[in-house]
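Each of the two complexes below includes chain A, the first together with chain B, the second together with chain C.
Our next item is the complex of A and B:
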């Protein structure tokens, strides 16, 4: 026994972790932005669509939600290019995967949000002569977004943690940085302590910040 | 293409069996640990409550992958030597335990306070209150999310492939390494995971609907 903690090597390579953390955040932000678009479009489409479209959207959602993320990451990065003529970097491939992944979760979030918009608001919109499109843009979506904001923040924070899976295709995010330091310096316990603290601090800072945003919007009601 | 999947099928089946075995162990162990800690969180003295709260918030705040690497690489460094299989089970169990703690806390919190006050009023002891009043009701709130959460154990188990454990994920990668048939095998794997997890989430939804008529 006798493992003496020595953080010097961690600080010497801290740029790997710091850069990794920034990349993790970047991956999460880009993916949720695309995921929100996917989620919104499909949710709005779903609530007004016929059975076939509903079945297709539901199949997409259920497939993504019930398959491990790591398998989806492999499938998109190693699998797809063997059957379709595309080439992309690991990073692009991961963003595509995580966007599709978050999109599937957000369809569900937005769909139940749309259903939670009070009937009276939609009727009021009708009564003042708004077209269906205007009702969607000015009545249903704003209310729905306010309702779904907490779920949206939770999804974002869990996406931030999910970016760690990008390390399996060597995207140099935070977990990859940890692995690099682990294999190159063997300061195993130290690096994972530091990385754990980094994930926790960032995650809870995000949570705190997003809760503030939520409170603001709730007050606006 | 199909022939190669057929040829590799026994090997893939072994991997799948390991995936199920890891998931089962994790689910059972985390259920025991999670319920005990959850009761500690709801009814325990302050220091215990704090300890469980910190445990749960820490575990849920970091990626499962980091937890798996931490346990796998970190334990030997401090002199604890586990087979990679057990390190993986331990890491996933920690992750699931934190989830079970939250399911239990949520389920117990959803039972109106009047229930335990009434139980106290008719002179039931703490244990009797839990056994006859709180738990039977909380169970209905606990079961659907818990069953749905089993899918997280199955999905999370795919990460143990990174420790060189031949679960379904790793078996698929090995077969691809041999045959270069990436897409059919990944799709096959996705369908297998899907079948297991979708069945679980359907069961969860059905139970939820069945219990939903019960109103306090």
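Our next item is the complex of A and C:
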């Protein structure tokens, strides 16, 4: 029990953590944005498609959901470039991976959201003469987004935490910053205490903000 | 104007429909002339609502023909049973207004927004024009002051009046009313029926499924009594709801109805 906490070295290298946090947020925001597009397109396609397309989309979702994220990160960063002739930075590779990853989860979220749109609203859209496409844009999607907003926020929060996996391919996000400080100062307890607090506070702040947004939309229900 | 002003605006002929092995409609025929208000009454499960939903093709039917203004509704021709394209169907449905039992307002749009959606996207009106029309109809149903309220902020009766305004703002040839007061608290029924009555006075053609016998008697040109998927009796209100009823099913239905409402 002779260990004395000393945070001085942590503060001296705090820019690594601060920069890392900002990058983590950036990775999460970009990935969920792309993931939302993937999820929306595939969910809409799924509910209106035939068996073959459904099977392909389901296979994608199942694959992603049943393989650990860290493995996907390795596959895309190390595996893919050796098979096909492409080159990308670790950061681009990770964004691609996390986008595909969140996309797979969001397909499920959006698909069940689309199915939860009350039949009566769709009937009302039909009754005023909206075409299927207009019903999708003006009736089904707005209601679906409202229904799925809580799930969407939860996905975003876990995605923010999942960005820590990027450290395994040396993307300088928050966890990578922590490792760097650890290797260079050996202040393992201090650095991970600080980083844990940073993840926790940021996660809570995000959750708080997103719940406010949800409340605004729920009131408008 | 149509070629023959006396021809039925809505002509339902021998329409049958089954859900699996259950026959919900058995060779139903009825006509609604321009400006007429026709009420459909009958016990639940008699196919009233299904019939109404067939008229704007929210439900398909297995055989028979439904024509509005001489034009076959869901199929290119009754004989070939070739379904119309979705675009065609949408255009056909824009000619029939429908008001639902559960209101079915779009929850993300204001009262005015609900009315404007069809005007803008289907009728191609500008925002300003659509807004003007929406305000006009909200005024007609007594909700001018609620134009910017969301459905969740309105009472059931108010929501249903918006529902009516949304349907009539499209200037449909015929208005379909599907048990529009059944989901309302008793004290809110009156305000909705008053709106329907004023539309009837304006000459709006209406086909309505209702459990409001007094209203059906006062507001209808004709009443159709359905039982077990077919039209069991039809005629002017005085005949259908009068004292002397020969049709036994109708007599039983009315007796049960009176018993349960007093």
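We adopt the following convention: the second predicted complex is superposed on the first by the 220 of 221 C-alpha atoms of A that agree within 3 Å, B and C clash if a C-alpha of one lies under 4 Å from a C-alpha of the other, contacts with A are read in each partner's own complex, and residues count from 1 in each chain.
As a convention for this text, a residue touches a chain if its C-beta (ideal position, glycine included) is under 8 Å from a C-beta of that chain, and two chains touch if they have at least 3 such contacts.
Just so we're clear, the structure is a prediction, and the values are computed from it rather than from any experiment.
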item: Chain B versus chain C as contact partner of A:150, first or second or both or neither; value: neither
item: Chain B versus chain C as contact partner of A:192, first or second or both or neither; value: first
item: Which superposed partner A:19 touches (first chain B, second chain C, both, neither); value: neither
item: Which superposed partner A:120 touches (first chain B, second chain C, both, neither); value: second
item: Partner chain(s) touched by A:142 [first = chain B, second = chain C, both, neither]; value: second
item: Per-residue touch tally on chain A - higher for chain B or for chain C; value: B
item: Touching partner for A:164 - first (chain B), second (chain C), both, neither; value: first
item: Touching partner for A:128 - first (chain B), second (chain C), both, neither; value: second
item: Contacting residues of chain A [partner chain B, same complex]; value: 1, 3, 62-63, 65-72, 74-75, 78-80, 82-83, 161-165, 167-168, 175, 178-179, 182, 188-189, 192, 195-196, 199-200, 203-204
item: Partner chain C, residues of chain A touching it in the complex; value: 118, 120-121, 123-132, 134, 138-139, 142-143, 146, 219-221
item: Complex contacts: residues of chain B adjacent to chain A; value: 58, 61-66, 69-70, 73-74, 77-79, 151, 154-159, 161-162, 169, 172-173, 176, 180, 182-183, 186-187, 189-190, 193-194, 197-198, 201
item: Contact set on chain C toward chain A in their complex; value: 56, 58, 86-87, 89-98, 100, 102-108, 117-118, 121-122, 150, 152, 166-167, 170
